[in-house]
Amino acid sequence: MLWYLGRRLLQVIPVFLGATLLLYAMVFLLPGDPVAALGGERGLPQAVQDQIRERYNLDKPFLVQYLLFLQGVFTLDFGVDFRGREIMDVIASALPVTFKLAVMALVFEAILGIGFGLVAGMRKGGWFDGSVLVMSLFVIAVPTFVIGFVLQFVVGVQLGWLPVTAGRDPGFRSLLMPAVVLGAVSFAYVLRLTRTSVAENLSADYVRTARAKGLRRSQVTGRHVLRNSLIPVVTFLGADLGSLMSGAIVTEGIFNINGVGGTLFDAITRGENVTVVSLTTVLVLIYIAANLIVDLLYAALDPRIRYA
Amino acid sequence: MPENRYAPVPRPGQEHFTAPVDEGGLGAVDAVSTSEAPSSFWRESWGEMRRRPMFWVAAAIILLVVVVAAFPGLFTSLGPRQCTLAQSLAGPQPGHPFGFDFQGCDIYSRTMYGARASVLVGVLATAMVIVFGTTIGAVAGYYGGWFDTILSRLTDIFFAVPIVLAAIVVMSVTTNRTSFSVAFVLALFGWTSIARITRGTVLSVKNNEFVTAARSLGMGRGAILVKHVLPNAAAPIIVYATVALGTFIVAEATLSFLGIGLPPNVVSWGGDISKAQNSIRVAPEILFYPAGGLALTVLGFIMMGDVVRDALDPKARKR
Amino acid sequence: MTTQFPVTSGSPLSDGETRPTEQPLLEIRDLAVSFTTAAGEVKAVRGADLTVYPGQSVAIVGESGSGKSTLAHAIIDLLPGTGKVTGGSIQFDGRELVGLDRSEIEHLRGRDIGLVPQDPMSNLNPVWRIGTQIEEALKANGFQGGRRERKERVSGLLAEAGLPDAERRARQYPHEFSGGMRQRSLIAIGLAARPKLLIADEPTSALDVTVQRQILDHLEVLTRELGTAVLFITHDLGLAAERAEHLVVMFKGRVVESGPARQILADPQHPYTQRLVSSAPSLASRRIQVAHEQGEQSGELLARHADQEATRVPDVVVTRNLTKVFQIRGARPGSSVDFTAVDDVSFSLKRGTTLALVGESGSGKSTAANMVLGLLEPTSGTVEFDGVDVSTLGTKELFAFRRRIQPVFQNPYGSLDPMFSIYRSIEEPLRLHGVGNKKQREARVRELLDMVSLPQSAMRRFPNELSGGQRQRIAIARALALKPEVIVLDEAVSALDVLVQAQILELLGDLQDELGLSYLFITHDLAVVRQIADSVVVMQNGKVVEHAPTDEVFDNPREQYTRDLLAAIPGARLEGAELAG
């Protein structure tokens, strides 16, 4: 188990370096000069531009820039943005809300997705299975932002059950609707994954052995069918936390939540490339960490992996 | 073994019994059926699909969307940019079944013309993903060794960057935004899944005995990959590609919705949804038409993916 | 111990004792089972009768698709998928089982009727410890006693099933067990609640022969001590006759013959049973053995070995000190362990004869075969083909060499490319080696299909339309396409049903006589070897244990391991008089 953990940690390092280099290159090597665009139509005087370039290391060769940036990442000091705010503070103010939102979405999709998927998988081909499957197709097909608008309009505006927008420092009630919207597509995937997995395990030999032992149906379902079906589902859910955080940008826009998405978008429009790269680096880190946790969860759930 | 193990007299119900030899077809234990038409894997899968109503629904949707995307002029005589501000948010009237949007453009014609952008980006991105992903996955899985180590790490790196995030970052700094560039960016960060799927399938196919048989005939490695391995690895790739087409269309719409996908002068469902959002309190139904077109298209591909998966799944077909 | 399960039963039946007043434990009458498929209703079992008395062992014998497993699963309502009992009755201990509701049948399972399933690899849940899975069986069937007593009982059951160090074993996971150990755990589960009847569904067919034998012996002793009735499901008539007193032979869902085991073996009435008795390799091998012991030359023996004595035949394949070392990843990252799969193996195959390479899984026999085929580079040692060291061949010569030696593999489902039509599969070698034009190639494909006794119309078909035996014929046709001198048969008949296996063996014999082929026949099944091979190489752990002519190996095995293998052939305990000719 320890070897397994160690090996996985070692594998993460090149992935992290590669991914950040990729992002950094995309932002800084692509055409377009953010500094020149800073002063609006007229532009800033050349001297000021040079000063800014020097401060942000933009005058140095690309690889040096990247290494200096990495140094910042490891010392948790990303520097300041064009407006003089500590980028670390900008991130720290945006991250918690998005994290809260993503976790709520994850809980929503896990509970409902596994529940519906289990019932549908146990009776594959029945009416419940059929209707749930059609519903999942629709949820996947209708884009998140459309679901968002419709829910906002119906539940928020017309019925007035939940707040229409979240605003500053949103609580559980304000985030409920955004979380459902954010988790909707993943919910459909969790449902389908659970359903397939349950249906497959239902005909597994060891399930028949369990029944032949004389176990009651509820015991067979819980201890053998569901337990084994959860392995791929938990894997999906873990990895999804990372995707939800970086995918929250649309949902945050609709419900006016000041999270990572809004901050990123703001930074993009202002040409704050350092902020963009720092923020995306943090998101990639979270994504990689989530995938690492998935691997550990996987090993915890499936004893065969631990010794591989 | 003691001789008396076998009861000298059979007990009731266990007397020697022989069934009459009237039936059972003992003559030919192993005969080839000559009555039915030969059926290859693809022909059988087709037979399987054909029987599902969902296949025909999905096929009809896809066909409709593709025809609309190719020839929008067949469905509407109005151009998508013939707008009169005076008609802003006007309701449906003869010749304008869906009414008008905020800028007074005919929503029906914009919905028809919007199909092209979605389908084009979806098809282009999927084609690129199949080319990148299959090549990388097949080479990594088939040749193994250093190829595999390097290509698998490369896949891990691209996998670690969430596709929407990467697309947002790249598209926001891209000045030349066209259907092709949007598709390229989506493909650049979307090929990893297909590479992983291909690698896994190739790894399992290459252990088959027919591959060893081909090797012992003296067939070269490259020829075996192309002739035997890839055709047998195609099924999961096709399944994934069908579904991926739908998700790329959603991704394009999301980018256009955020204003960093296709430029405003290109008619697209994502862009129209974004515009409709501004007048949602006054005229929520405007949102419905581009959103409906988008959802219908994606639904078509996802349903097709489901049908194709069921038909091509080797597990479901083995008896 | 405050358990309600007796460790041994009060009064086990002594052998052969009949009690006229005794009631049958299990009485199946006119049972019908159907599956609903897209094509309609498929009758898997029709009008089957079966009677089992307490403490008795009964075997159902049949090939795949005969309905034997379906019949067994119907008893405890574990039919897969859409399976349903559509008629007849199943009386167990005086109680009708057909139509019982779920909780009643759940109550019966484990407690009254235990099951030992077929494949030990897939029948244990990989995520739970072995001990936990046995404990479940105890808890579900009303075991009285606390946690500690339960744990003790689990260890007791494992020890009883023949697993030493049971306490530690109980804490391990299935993937840490070998196949034989898993099967023992499954036996422990099946017998945990001391059922009156144990259904053993091909309990050892996935295991190595020597392990098979040990487990069956153990099961026999155990059930006799406990007084448990056993219903064996098996495809091996020899095994059935040896282990059961009453046989039920099934074919295509019907019981074609049933009765006392000895009587059926000695005097089969139904044509199907007759064919089964004459084809079963274990029985055929035993017949030759008995004939030898009685100093007779059996007819089947003479035919195959006659011509080879007369002339001195040259060797076509010779291996000298062949060794293959694989580097496998060690327990720690970066470390590697050398694993010697084939260790200093020398043997020779005479032209026009059959050499059998026999060994259990892991013996290195397939690795050796792959080196002979030139698919794997030996670590050291040489393979000589027709006097030429294969490793010295250049690219072109190697390509030419491949025409002279061709393989046929075990798995009839994996040996043909499912995307290729039969025609393309057989034509591929011809086209690759540039033999003839299109027309000539087609003529050759037709000729080859004739050779393997398949209709020429089969060439438009695809592998998935053919049965296992037919695919194997196609694989043989493909191997023959380039007119090779040597064919390597890697477990080529192991996956086939008995009768089909007999047909393929016959075909191979005919082709050898006709074309002068030499066979390197790789197998784990000594019984088959007796029928086909001229000489035998016995391998164990990568080394050659014994290399001698077939008769010598069977009549005077020199090594203990060979003797173990021979003893493991089912039917070794049967007497000459019990074997119909």
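The chains carry the letters A, B and C, assigned in the order they are written, with residues numbered from 1 in each.
Keep this in mind: contacts are C-beta pairs under 8 Å (C-beta built on N, C-alpha and C of every residue); 3 or more make two chains touch, one makes a residue touch a chain.
Quick caveat, the model's predicted, so the values are computed rather than measured.
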I want to compare two interfaces, B-C and A-B. Which one has more contacting C-beta pairs? B-C
Measuring from the mean of all protein Cα atoms shown, which chain centre lies nearest? B
Computing the C-alpha centre of each chain, which chain sits at the greatest distance from chain C? A
For the pair chain A and chain C, the C-alpha centroid-to-centroid distance in angstrom is 50
State, to the nearest whole Å, the distance from the C-alpha centre of chain B to the C-alpha centre of chain C. 42
Where chain A and chain B are represented by their mean Cα positions, the distance between them in whole Å: 23
Write out the stretch or stretches of chain B touching chain A in their complex. 153-154, 156-158, 160-162, 164-166, 168-170, 172-175, 246, 250, 253-254, 257-258, 260, 273, 277, 280-281, 284, 287, 291, 294-296, 298-299, 302-303, 306
Touching residues on chain C, where the partner in the complex is chain A: 76, 78, 80-81, 102-103, 106-111, 114-115, 117-119, 122-128, 136-137, 140-141, 173, 175-176, 186, 189-190, 192-193, 331-333
Inside the complex, what are the residues of chain B that reach chain C? 1-2, 4-19, 21, 24-26, 29-30, 32-34, 38-41, 44, 208-210, 212-219, 228, 231-232, 317
Of all residues in chain A, which touch chain C in the complex? 3, 6-7, 203-217, 219, 223-224, 227-228, 231, 301-304, 307
For chain A, which residues are in contact with chain B within the complex? 11, 14-16, 18-19, 22-23, 26-27, 30-32, 137-138, 140-146, 149-150, 153, 157, 242-243, 246-247, 249-250, 253, 264-265, 268-269, 276, 280, 283-284, 287-288, 291
